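Have a look at these structures, which come just after this line.
Below are two complexes that have chain A in common, paired first with chain B and then with chain C.
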Partner chain A sequence: MRMLRIVPQKCTGCDQCRLVCSFVQTGEFQPSHAVIKVRSFEEQVRFSPYTCFQCAEAWCMKACPVNAITIDPNTEARVVVTPACLGCGLCTIICPYGTIYVNPTNHKATKCNLCHGAPACVKTCPTGAIEFVEVEEPQDWMGSWAEQNNQPFLLALARGDYNPEIQKERIL
Partner chain B sequence: MGSFLGVVLHTDLANRKVWREELPSAWALKYLGGRGINARLLWDLAPQGVNPLGPDNPLILGAGVLTGTGAPLSGRSTVTARSPATGWYAKSSVGGHVGASLKFAGYDHLVIHGQSGKPVYVLIDDDRVEIRSAAHLWGRDTRQTTLQIHADHGPEFQVACIGPAGENLVKFAAIMCNIHSAAARAGVGAVMGSKHLKAIAIRGHKPVSIADPKRFWEMVWEARRNLAATPSARQKHNFGTAGGILALNELKANPTCNFRRGYFPETYQISGQRMTQDHYTKNAEACYSCVVACKRHTEQNTRDFGWVSSGGPEFEAVSSLGAGTAISDIETLLKGNELCNILGLDVISTGSLIQWMMENSERGLLTPEMKEGLSFDWGDSQTLVTMVRKIAYREGIGDVLAEGVRHAAGVIGGDSWKWAVEAKGLEQSRVETRSAKGYALGFAVNPRGPDHLHTQCMAEFGHRPAGVDLIEKITGDRKYANPYLTEKRAEIVRWHEDAYVLDDGLGFCSFATSVDFAIMPRLMAGFLRAATGMEVSEDETMSAGRRVVTLEKCLNVREGADRSDDRLPWRLMNEPSPDRPGAMNSKEELDGMLDEYYKAHGWDLRTSRPTRETLKALELDDVAEQLRALGRLPEEDTQ
Partner chain C sequence: MSNLRYLIIGGGPAGLNALETIHQLDPTPATLTLVSDEPPYARMALPYVLTGQIPAEQAFTGDAAYFQSLGVTTVFGRRAVKLDLAAHRVSLDDGQVLPYDRLLLATGSKPTRPPISGLDLPGVTTLWTLDDSRYLLRMPGERPHVLFIGAGFIGIIVLSALFKRGWQLSVVELQDRLLPTMLDRSAGAIVERWLSRKGISTRTHIGVQSIIQRSSGRKQALLSNGEALEVDLAVVATGVQPNRQLAVQAGLACDRGILVNEFLRTSDPEVYAAGDVAQGPDLLGGAPASHAIQPTAVDHGRVAGANMAGRRTRYAGSLLINTLDIAGLQCAGYGRSNTAQGDMTTAIGDDGWSLRKYVWEGDRLVGVTLLGSPEEILFDADLGMLKGLVQSQVRLGAWRDYLAKNPWDIRRVFAASRTAGKLLPETLLGRPAQPRAYRFQGIQPQTAPGPAYQHFAAAQGQGPESFPSVIEMLEGSKSQ
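Here is the complex of A and B:
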């Protein structure tokens, strides 16, 4: 299957992905209605887009009391069948990644559906920070990065010689 | 009507009142949104002879018609007021995310009236608009202020705020948006400071729609293909705007030592290329919806100044604080740039003042008391870093400099006014107008003072085929793509004026038009059609641009401006550039170009004021009537 892989180091914070996503999903421009989010760390000028990576566990699908979330056979994306959704919000509570939302206008769940196989955010991203890649099975693309970056500090914390300045320098 | 909402949010700080106003939808075409409607609102709201730092001077923030949509490079907005630095009209264009947030909150324009007695900030969350106490923010720098507002209300709020410089009414104080984007020229930050308004924080959840999505997306991809094919856009992404200084240096048009030289041997040390190669640049940052991302973020643990982190330095900062003062130490430059950003100062004016002081010192005009222990030698790091602080806090000699170079020249005395590179009271931006005649004319007629954000006619250099084609389109002949010619400059400048109004009105970055030649008026008119559903042609939008340019001129004429105000700094008119033999602006040459320019606009040659017929043809009858009542129309019309 193909999944979205995000390379936060390449992101410039232009918000093109959110704009296009909201347009594709709702027909109007409103970044807060997009199902891809960009967390901006304004002081450090770092930006991190994140969206559903169609995890293997599919927590939202399992939690849904009315089976309104299914797997699209073409893209293997976990998609919301909007007419069936009751808007109870259970999926948003159970999702460990926080990437499924309740749309404030129609009160139904909404999440990344990979634009039925041609993700608009991938097409629009000017720096290639969002890639659409072939993988064996869905994987947590930030896990290894976080592990690699955080482990030294967790160890330092355990040893008792943790220095936030060094951490700052390292992450940069 | 599509992406033009036509809603103005008025906020009266004195009476704590907030109200909405609906604009006629025809204004979207008549004044082309952002900058044009701002100018019109200023004309209507500011009385003649208004004190720029008084309660009656409105501060107007306007988002472009396309701001908030997915059109590339469309995130810019315009800040307009009467300038405390020059006394004339001031507009300052700014990127960042503030304009888009204003649009998402449901407004095109925000007007701040009156003065608050105590420090306040304005919080806009869709329909909820609050004027809140800023007692805890007053005195803090722009970075602290922004982060505090994020901590108090949430990081989705986009913040435009002033730093200590704006609070202290420094005449070239900036409004900083998203910490690193500045609306800086002509002192709009001081206007905000005079209102005791520390910050504007905006968040919005309302959708922005477009009238014709199919055509709109075709336009978007055409614009993006053009941008991708443009080498200058790629260069700006790789090295930032500061990457351009090396080429200028080789052209001997890099203003060095207060415009005395055109060549700075150590330019590489301060260039964008060096900052990228030596990893001072940590990240590229984009304004809203921008696919180029020319903004830099630099961070360094410096030897002398500790941890330095800021946006930029951009070309103007590098040239003004670096080459202008002959400082080639990159770490000093990063620190100076960071201080300007967090204290909220215009880097162009700040650098101009410091290099002017260095020249005063060299010529023996400064007493030891004025120097206050600083050396004021060319290239001295300590002078730069200390003086930026002193100007922002108005300490010692900084109090004199904070009034702008024209005022300071009166205090220092002697011949110091000769090397004060200013016109209309505004310090010139970092362009060597002696070797580019179109720029010279554009700078002289710019209503806010000599700088490049009214007309940047880079096409006249003929350095790119697209530029030569543009010159051919404007003048009918390719041979005019030569910066040393004075013929046809009026036509070239006028075309760029119109295109710039279109840029600023729709929210596009002017780089895309006049530097990259990627989003040209034909495409912009197409965007306007697709986004608002209005049937307009390219010619109609360009003539609307002319209307706005004339209205801006009238804003100055109402205050008494005439032909003698359209001038260039003394140094550029009277001293040739030593590194580029023969490069010089002269009075005769400028007069010739001005005549041609006023004629092209239909303005009176003797006074430079628009005639009644011209105003009538531009549907500005009420403007003509007001000018007549004030006796500010050309003589034959007044009788």
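Here is the complex of A and C:
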């Protein structure tokens, strides 16, 4: 199926994908309500977009007690049928990737639905860090990329070059 | 032609998921029969019925047309009373006898009844079934005062629903903390403090000895500390126990529940068990577990159904996961979350409510508790990534200490451990999951973009040339 392939090397952390995602998904410009996130690895000035893999097991879909998550017949995206959703949050806790959420405004589940076949984030990303392409199987694009940065990060951490003291307020 | 007679006892999520799986994998069964004492509905929807957010009908998980489409014969309102393993037969309470080639016991669980006198009084009830919910909603009074006997998972869920209705609430829990199967004492203390701020009185380490009817119509609960509480209603929520009587009488191997192996098979080769009643493989290892939760029922039902239909499917095991709204404080947990001793990390946020607790086994994560606002936990907390770390049992190496020191920075650990890459190829049944066939009122997903998207699309191409085409142009000019 066609899915979102992430190219973290190209991400500048500009957040435009989140801005447009929140708008097309919720009608409001509120990046914190977007269903694509930009994972920041600030000490290294590196960033990666991150969103639903449209995984084969569809954990969210199988766990939903009232079958409010299904497969869009056109795009094969796993989508929330909002009027049927209870807002119980079981999908949020069962997804092992952390890519389905309960929207704080309407208290219903929300996730990437591939914008019904023409993802706005792809059209908006100024550097092409998100591609909408035919892919056999989704890959751990962010994880593969992170691996290159991990060793230097851990070594620097051990040397005391970084003192992350990461406060939860800093993590968006 | 398989020509098998499939019989499923119990119409909860385990039973229905087994039915759908059998329907998908065996096109030629002789019969596919479902026996259920209640019509099929989602127990998880009941709190939303209690608050009035959804009509009772929205809790249903199947209707006549749906069962017909699956080729299922339904026997509702009847209870299985005898299982004859040698003769491959199940007898119902109306005298019907149903033969089977493959049997699934998905009989669920029922609330325990503690030894307290007065539990039969009107206005004293468990809250387990749709009928229980309807009963409570019929109770007179504007803002009745309800006593909760037991502060377990079900009790707190119902409590939160009634809190939204504005009812007055008191809780008495026999153990030393609230939510004892999910939380340790420090997390339990935060929850107690939160409830007290919401005007809900809690008493822990205290039992209810008896309930008596007052002439006023109210009830008086006598507590083990000598106190007498006067309330309008009482909800008994002291836990649930598996409905295993049928299996015990038939001589199937049972412990707390019906023991099943990694194929969800009981000690009889033609009999399977799934859901709350089954006690089977635990994903984190150790003794067989009975995890009475919706996701385990779904997994069990699908794996049992596949094996019954002849597709040998091994189940890795169930993981205890829970999420609940505690009158506005969101709680979530995975695995051995209530452990009080051993190798663990607990961090409490500046607000005094937000909590992260990690339980370790070497460099693997085996238990998690989160507390925080619903917005934080269900939108920003990377909750699911923690599930990925527990589910995959990935070895975190140096990242274990990193997470212990930076308990809110989950995503770096998740990315570094390549957890997504490990989990993406995994499917329960060895193939992509299919959506279930029934939905309330047949509501279909939206397949066209909404007005905001159309606005976005219309604005495309009106502004300056997009960056990607600029980059392409620059790269093109470089190569020339």
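Just so it is clear, the second predicted complex is superposed on the first by the 136 of 172 C-alpha atoms of A that agree within 3 Å, B and C clash if a C-alpha of one lies under 4 Å from a C-alpha of the other, contacts with A are read in each partner's own complex, and residues count from 1 in each chain.
In the analysis below, a residue touches a chain if its C-beta (ideal position, glycine included) is under 8 Å from a C-beta of that chain, and two chains touch if they have at least 3 such contacts.
Model, not experiment: these values are computed from the prediction.
Asker: Based on the superposed arrangement, let me know which partner A:127 touches: chain B (first), chain C (second), both, or neither?
Answerer: both
Asker: Touching A:143, do we find chain B (first), chain C (second), both, or neither?
Answerer: Second partner only.
Asker: Quick check for you: in the superposed arrangement, does A:15 touch first (chain B), second (chain C), both or neither?
Answerer: In the superposition, A:15 contacts chain B only.
Asker: Would you sort A:31 into first (chain B), second (chain C), both or neither based on which partner it touches?
Answerer: first
Asker: Which chain, chain B or chain C, ends up touching more residues of chain A in the combined arrangement?
Answerer: C
Asker: Answer with first, second, both or neither: which of chain B and chain C does A:98 touch in the superposed model?
Answerer: In the superposition, A:98 contacts chain C only.
Asker: Name the contact category of A:111: first (chain B only), second (chain C only), both, or neither.
Answerer: neither
Asker: In the overlay, answer first, second, both or neither for which of chain B and chain C A:23 touches.
Answerer: So A:23 meets both chain B and chain C here.
Asker: Taking the superposition on A as described, I'd like to know which of chain B and chain C A:46 touches: first, second, both or neither.
Answerer: In the superposed model, A:46 contacts chain B only, not chain C.
Asker: Residue overlap on chain A between the chain B contact set and the chain C contact set?
Answerer: Correct list for chain A: 20, 23, 26-27, 32-33, 104, 126-127, 172.
Asker: Write out the stretch or stretches of chain B touching chain A in their complex.
Answerer: 3, 68-70, 72, 97, 100, 104, 143, 146-147, 150, 155-156, 178-180, 205-210, 213, 224, 282-293, 297, 299, 301, 309, 311
Asker: Along chain A, where are the residues that touch chain C in the complex?
Answerer: Going by the criterion above, the answer is residues 20, 23-27, 32-33, 39, 41, 48, 50, 53, 55-58, 61-63, 65-74, 79-84, 86-90, 92-104, 107, 115-116, 118, 120, 123, 125-128, 137-140, 142-144, 146-147, 150, 154, 157, 164, 166-168, 171-172.
Asker: State the interface residues of chain C toward chain A in the complex, per the touch definition above.
Answerer: 13, 42-45, 48, 53-54, 58-59, 61, 294-295, 298-299, 302, 321-323, 325, 330, 332, 334, 349, 354, 374-375, 378-380, 382-388, 391-392, 398, 402, 406, 408-412, 414-428, 431-436, 438-440, 443-453, 456-457, 460, 466-468, 471
Asker: Write out the stretch or stretches of chain A touching chain B in their complex.
Answerer: Residues 12-16, 19-20, 22-23, 26-33, 40, 42-46, 104, 124, 126-127, 169, 172 of chain A touch chain B in their complex.
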